[in-house]
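Listed below are the structures to be examined.
Both complexes shown next keep subunit A, but they swap its partner, so subunit B is in the first and subunit C is in the second.
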Partner chain A sequence: MILKILVGIIAGFIFGYTLQRTGITKYPRVTGLLLLKDFKVLKFMLTAVTISMIGFYILSDLGAITLHPKSLDWGKLVGGLVFGAGMGLLGYCPGTMASRIGEGKKDAWIGALGMVLGILFFALNFNFFKSHFLASSINGDLAANLGIHHWILAPIAAIIFIGIIWLANKVDDSRKIF
Partner chain B sequence: MAKTAKDKTDMPGGKPYINPYVGGVILGIVLFLAYFITGDGLGASGGLNRFVVFLEKLIAPGHVNRVPYLINIGGGPKNPLDHWIVFLALGILLGGFLSGLIHKRLKPMTGKGPNVSVKMRWLLAFIGGTLMGYGARLARGCTSGQGLNGAATLSVGSYAFLFSVFIGGYLLAYFLRKQWN
Partner chain C sequence: MNKFFDQNGEWHWFTGGLFVSILAMVTYVLFEALSYKSYPFGITAGYGFVAALFRHLFSSLSVNPVIHKFATVPAAFVEFFMLIGVALGGYTAAKSHKNYAPEVIPAVWEKYHGKNVWKRFLAVIFGGFFLGWGAALGSGCTTGNILQGWAHLSLGSIVAGASFFVTGIITAKLLYPKIGGEK
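Moving on, here comes the complex of A and B:
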């Protein structure tokens, strides 16, 4: 229990601190990304994903962890659309919202109240959604689905991620979109 | 870039931010280390979800004990708050607070675009939060659980979620860009 609390607090602390420190908790970041004007969030996310992908596969190969790739179902697609619209309106994702609450920003507090309502609404209607959106799912392991070893797929993914960052920097410099 | 002008108006006197690559590397390491220690992926919306189930159990324990998804979280003798992800959410609040304090960005204010009133911003934030909370539950993960952990483990479901998020966001951006700009 103590370990649970400590790991949670420490990992969360570094997470929230880093989000605030890079400035991606700021209000115009998410809307800037949706307007294709500000790619800081994308650069941050893709860097984190590339680094942790390597860590995940090394630990998994060593037998230190068991990975559970997330399966595909209608909930992911419909939930993603709803989530994306909400994220655009609020201007934060749940992580940056939490960090922003710590910073004392009122709009983040109000967003959290809204989130409570949304979560409650889902809980109250779970059975309906389960039968409509979660009835069938596809195995989530991309490497297994494609029949490619993860150490072939991971470097390809890393190259794509770095390519997107490179492209984002090009657009950042030219500022011509919209 | 538009961001320099906005940075100045956001918080006068605040210390400059670090670059996103340094932040990304730090977060990337935290992601797989947290998974190694807990055997479980990190997520930012899971903690709030458990908190809501906790409140629901206080008010309507019968409902929590009837719905399978809620039973997993807090059915019977289970305490919905007895999970590391709850403390992770608290840690994020603390991290944002302390970094804001150290770097002089701690201030109760409303972040918003220049062309929108505070009340309108609050209304949109509330509606946005509601949709986001609902969508995160429907997908069982948000931009942290799906977008970071799921993407790093090359999960089909997570990439589908991320593409949907951006489609939803871009469709919205098309209608709201005048307010944002």
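Moving on, here comes the complex of A and C:
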């Protein structure tokens, strides 16, 4: 119990500290990304994704962890679209919202309340969502689905991610808003 | 070194990304070793844990499968404390670097939509509602589906993460149709 609390708080602290210091929690950042004007959040995310992707596959090959790719169902698409609208309205996502609460941004408390109500709404209508969007699913392992080894797919994905970072960086250097 | 930790007073995006990737890998190994969950860290279940507390007010919620899950899985409990950690981390980072700036409404919002607090709160409560509903249905938020899910090359997360941007971009454009012309 104490261990769980400690691990949670320490991991969260490092995450929140990093998000704030990197400037990810600033309101103009996420909104700026969605307006395609400021790509720092995208560059930050894809850097983390690329490095941890390589790390996860190495750890998994060593037997240190078991990967659990998320399966594909209609909930991912519909839920993702609903989530995106929320992110646009708020100007931040659930993680940065928690950091913003710590930073004294009062509206983030209301956002957190909304988020809890949204989860309750999903829970109360779970049977509807389950039968309409979660009834069938496709295995989430992309490499397995494509029938190629993950060490062939991972470098391809890394090249795509780094390419996007490179492009985004060129655009960012040339203009600034807010 | 300065370049990595001081970009107009902020860390470089690479520094932030590197730190988060290390955190993601360490927590994955740690959580699996401690058998909290078989998936790396996320944020949504922490809010789910709070939502599940309503079962104490409305006992009929206890039998709800979603509430039952958030009330019982160790991951939701850990993620709730992770949320507290994130808030403490954000507070500490802001305070220690003299950019702790409390506000009720973000400055950019105020510039384009006025000082009316209720207007912002209305947008925010609906925004939060959509975040919670969408993350619960899509089994993950930006942290779970992009930072972690994309790193696993999960088909479900790639679709979810990409769809965040579809409606996110549309909503942001509707909110700020005029941004872009000025400096």
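To be clear about the criterion, the second predicted complex is superposed on the first by the 173 of 178 C-alpha atoms of A that agree within 3 Å, B and C clash if a C-alpha of one lies under 4 Å from a C-alpha of the other, contacts with A are read in each partner's own complex, and residues count from 1 in each chain.
Here, a contact is a pair of C-beta atoms (placed from the backbone, for glycine too) under 8 Å apart; a residue touches a chain by one contact, two chains touch by 3 or more.
Only a predicted model underlies this, so the values are computations on that prediction, with no experimental measurement involved.
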item: Simultaneous placement of subunit C and subunit B on subunit A, clash or fit; value: clash
item: Touched partner set for A:Asp141, first subunit B, second subunit C, both or neither; value: both
item: Which superposed partner A:Asp38 touches (first subunit B, second subunit C, both, neither); value: first
item: Subunit B versus subunit C as contact partner of A:Ala98, first or second or both or neither; value: both
item: Which of subunit B and subunit C A:Gly12 touches, first, second, both or neither; value: both
item: Contacts of A:Gly114 with subunit B and subunit C, given as first, second, both or neither; value: both
item: Subunit C-contacting residues of subunit A that also contact subunit B; value: 3-5, 7-25, 27-28, 31, 34-35, 37, 40, 43-53, 55-56, 59, 64-73, 75-91, 93-95, 97-108, 110-124, 126, 129, 133, 137-143, 145, 150, 153-154, 157, 178
item: Partner subunit A, residues of subunit B touching it in the complex; value: 1-3, 6-7, 10, 17-39, 41-42, 44-45, 48-49, 51-53, 56, 63, 67-70, 82-100, 103, 105-113, 121-122, 124-144, 146-173, 176-177, 180-181
item: Residues of subunit A that touch subunit C when the two form their complex; value: 3-5, 7-25, 27-28, 31, 34-37, 40, 43-53, 55-56, 59, 64-73, 75-91, 93-95, 97-108, 110-124, 126, 129, 133, 137-143, 145, 150, 153-154, 157, 176-178
item: Of subunit A, residues touching subunit B in the complex; value: 1, 3-5, 7-28, 30-35, 37-38, 40-41, 43-53, 55-56, 59, 64-73, 75-91, 93-95, 97-108, 110-124, 126-127, 129-130, 133, 137-143, 145, 150, 153-154, 157, 172, 175, 178
item: Of all residues in subunit C, those that touch subunit A in their complex; value: 10-25, 27-32, 34, 36, 38-39, 41, 43-44, 46-48, 50-51, 54, 61, 64-67, 70, 74, 77-94, 97, 100-109, 120-121, 123-143, 145-176, 179-180, 182-183
